[in-house]
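Chain naming follows the written order as A, B, C, D, E and F, and within any one chain the residues start at number 1.
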């Protein structure tokens, strides 16, 4: 199982997904932000944790019946019971929000087991109570129908697509009000540091802009602005 | 006109659309939840009432002029004036939200006439004041353009499609924060009872999950959990 | 640069986009409301101001690099620095919300420069802090990725499309909770007056409807209602 | 039942749908061409005939079973048996091509009954043999699934939408290789004459263009070109 | 590896996908026809063979480089080299046709290895020469870009989605001019027999319809027509 | 005006768009193939020539009237009259095929003026005769409505988007049966040579594959295959 340092995770909880996409863009990664996946509630700190993945394919009427849930090996239920604490359950629904990928009981169980959050490119039912849970849940929107009407859960911990982005088990998932960015595991530590540095500078830049500075020379900063930033940083 | 018992309607106001789609799924009905139709406001109890239907076709420039509204037989206006008290006006806009299917004056009139609510797979104009009405309104989103720019109202009380679901006049329409489910009239009484029973059990299950129970044996419940549930129910 | 009278702008801040689309419809303009463009925050008075336009084309990997922002002539940055006070920056992103068309620093600079607002049919990053700015921002939704991943800014102050609507520099842009309507510059003064008159009448009509009046004769008003309206107006 | 003169129908079989949309545009009708509806085969003369309409809503699993076809009143079957000779059966499938709106046996029966053709914004099964029938068939594409999987036929001879265009029973339907245009019944005779005149002139213009004439003065024609055209016409 | 009888495969090569969807509908399977997947060429007999599956996820820029193809274990290349003779390679591209899932060299190799065909819900490059191969190829359309621009091949022989339908390794894939139907392996033998019987009867019905018979009593056939059919069948 | 060598153009007419996207991918350009743009006819050699661009925005009812075409400066007409011989007219219709971007007379004039071809991400009317012209025409599909119903031509020779790809005036446009690839002007000469070399090698590889060679070692070729290729090349 991927391990990220506590420093890395703490930084990821503070920076924005906007900053992270910029850092990934600088490293040649343009397709890292999930399309059509939004937070159900309003959350304080970012969602941040390694991905634990569940893959769905289209349902088939003779296979996908409610009786199947009695089997503790049913992959949807098993995903809830095996996502490690601190991890994010990421569910590939092929971007199809016509049915739910989970509801209040499953999300509550996931939360009590210590998961960091849940991300799906399908729907979520019971969206009102789930939006009030302490655990962040991201999805393609509220959708009441039972998952079996559209989705068949097949596999855990394989590479998946979610919101049009590749997600490998153990990639670092970060979410804020804009949505979800997937940081490849091997880049996470480095990007956490770079993102925090970028945001520190942008905090300074924003203050200047709020005080009336023009963009040229300020954003991006020229040598003078950078010197002022260094002085400001030293003074804190 | 379809009549549902007061018990049925009361139950439908309490259960979730998620539970109703599960009950319908068990009876072979998979396509019962409107896609792309969302509540404009936040409402307390569910919207619940029999469907009164209005059908639109695409507008034609020479036919759809503002002068037409002076005719009290204009089907859009007539729909507002004839939806029976307690009923839900359901409007087929072919899922086209480029124009409105109603605005503040019409929604206010519908409410004062005692309608239970309004559901459309087109747009709604004046979305801000309408979202604050006591009467629930569901639609494909805010959309300012006059209905005549895109929609031509043709018929009342015929079977329609709305949000991709068949709606027959008199079907029971139920809405919560997730969206709208259409319960065929002949199934409504039976499903109201079954849904309430399901939710009672799930309330018990959720409590156990909140207390740390694992899914296997709890959800779905095994014999032991069911026995505990029966004891709990008896104790209340 | 187009100039609108202060009266015109004041009226436009009070009327709804619904009323404006009706006025434009009566003048033969059916396609004037941006599709898929929504307010990021909740704003008091309407957004209203002349359009200042920026056009984007798809990005190309060898041309769209972060180094480009250091050039003060970069059209995206130049747009922020040259939108006149009271104007609305309108950005053509070809309806593609896979990346941002701006973030917190740029929006803050635009606001401090006195712009009336920003409208884009692309995404916006840093959506949470931007939604709390005093300046209204409308877009196709939150989207974290750097604009360079998808968009290449090319030109200022040319006619553009935004949300499927033609926008000519100097057209009057008006936005409320429903969304954005584009009023051709040559019609703005006339329509502002007509819209206010329409809303005055509809305010009276709404009061009657709230008191229980039926639609026929009231909405649209017949001679009797119009006479009552004139009396009411005179009495105020 | 609408009657068009034999002259009108003969002209409509010769002109193009491009010309017809231009004539309708000049009369204020912009939305008259079905979107997403294409010919299955290659046909000689145009499809031309009055519309006979069939409306579908979404299927419901408990109502839409194969046994229903044994009822001769089943609207899909009745549509095939009652479309008058020379008419075009136009089928509203809400633009949903996930299932068929007809197959080889029904299309053959429609042809033997003398219908002019069939137009649907749903799918068609048995597309290969149907594309070789003498009767033109237009649809949203080949699609094998049984109509009952997605569509429920409800009504004959009501106004419908098809391909995003309003179709009233008796409107004149014209189809060529570009697709289908709907000519409102009251305009058909007039437009047939105007379209033929336009095409005669364009035939002359095209000859000049083929001979190397430039667009200015030729297309649209100036007085000199018009005079030459009149002379050419007189000489034939 | 699934084995179907030679009789079953021979029947499947003769019947239509329309008939197969009807047989599956009668057994409760409504979602069995791939949406948006069409034949590249015109083929004589049906494509028919067991599914051999390949799964793709979205590409990631740092992982998906042309050098990867030198590895004989690259799943795309391995799929071509291991699809058993008589099988159909079915490729899950998440319905994304922005890039190819194969080109002329790979399709030629697949053909020389004896595969029955290839089905993808992504694009195909070199569509012109591939459309002339003896081996049927179905896809979402011609698309030149290298697969690595959009797709990352991950796994062979797992359940996938293709064209919105579940495909399990060994399911029977059948394709004609309408498109592709997926017959679950356990139903294939039974359905092949039933489909052939249905088509025999429909051949008789079609002859009657061609001779002028009306639908009622003929399609579906009543007792008299069925008796005539039995006599006709016996006479052959 | 961009000039490409005759050798470059001759090579571009022979290679495939598939090969060109591979060459561009190797140089970091992934988004170079127009999505949703297809050839109207079947053409022999590739379309190849520098881009001459025309930009459209959405139409506005009061501005876009047929009378406008009488003005020889109307940008659509001017585009036809000024595209240099050997160039490709590339038209940005924002991917909207609801109306035409040209018809038979304009395409004929463009051809007689010596243009290499026409590419649009909008529709084309008169698709049947245009598909038989010697000059290749690519578009989003047949669409009869007059351009003015949806499109307003604004500018010539500015950077545009077409089919989701950036097109700068003078970029090299190449089209075959798969579709259209845009080669940035500065890369064209180099890529033409590299593409031809790649295709020469792939011709040899394909022959080996046709003779039964397996992919490993052959495609991509290992040292042995490359040596055999060099020998074969030398022998020719």
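By definition in this document, contacts are C-beta pairs under 8 Å (C-beta built on N, C-alpha and C of every residue); 3 or more make two chains touch, one makes a residue touch a chain.
Just so it is clear, the structure is predicted and the values come from calculations on it, not from any experiment.
Using mean Cα coordinates as chain centres, the one most removed from chain F is B. One of D-E, B-D or D-F repeats the interface of C-F: more than half of the contact pairs, counted by residue number, are shared by B-D. Shared residue numbers account for under half of those found at the interface formed by chain D and chain E, and the copies are therefore classed as meeting with different residues.
Distance between chain centres (mean CA atoms), chain A to chain E: 37 Å. Computed centre separation for the pair chain C/chain D is 39 angstrom, with centres defined by C-alpha atoms. Centre-to-centre separation between chain C and chain E, using Cα means, comes to 49 Å.
Taking each chain's centre as the average of its CA atoms, chain A and chain C sit 32 Å apart. Residues of chain B found to touch two or more other chains are 30-31.
Contacts between chains form some other arrangement here, matching none of path, ring, star or all-to-all. The full set of touching chain pairs reads A-B, A-C, A-E, B-C, B-D, C-F, D-E, D-F, E-F. Interface residues of chain F facing chain C in the complex, by the touch rule stated above, are 27-31, 57-63, 94-95, 152, 154-155, 158-161, 164-167, 184.
For chain D in complex with chain F, the touching residues are 16-18, 20-22, 25-26, 30-33, 35, 38, 176-179, 181, 202, 205-206, 209-210, 212, 214-216, 219-220.
Across the complex, chain C is touched by residues 66, 69-70, 72, 77, 80-81, 98, 100, 103-106, 108-109, 112, 125-128, 142-146, 148-149 of chain B.
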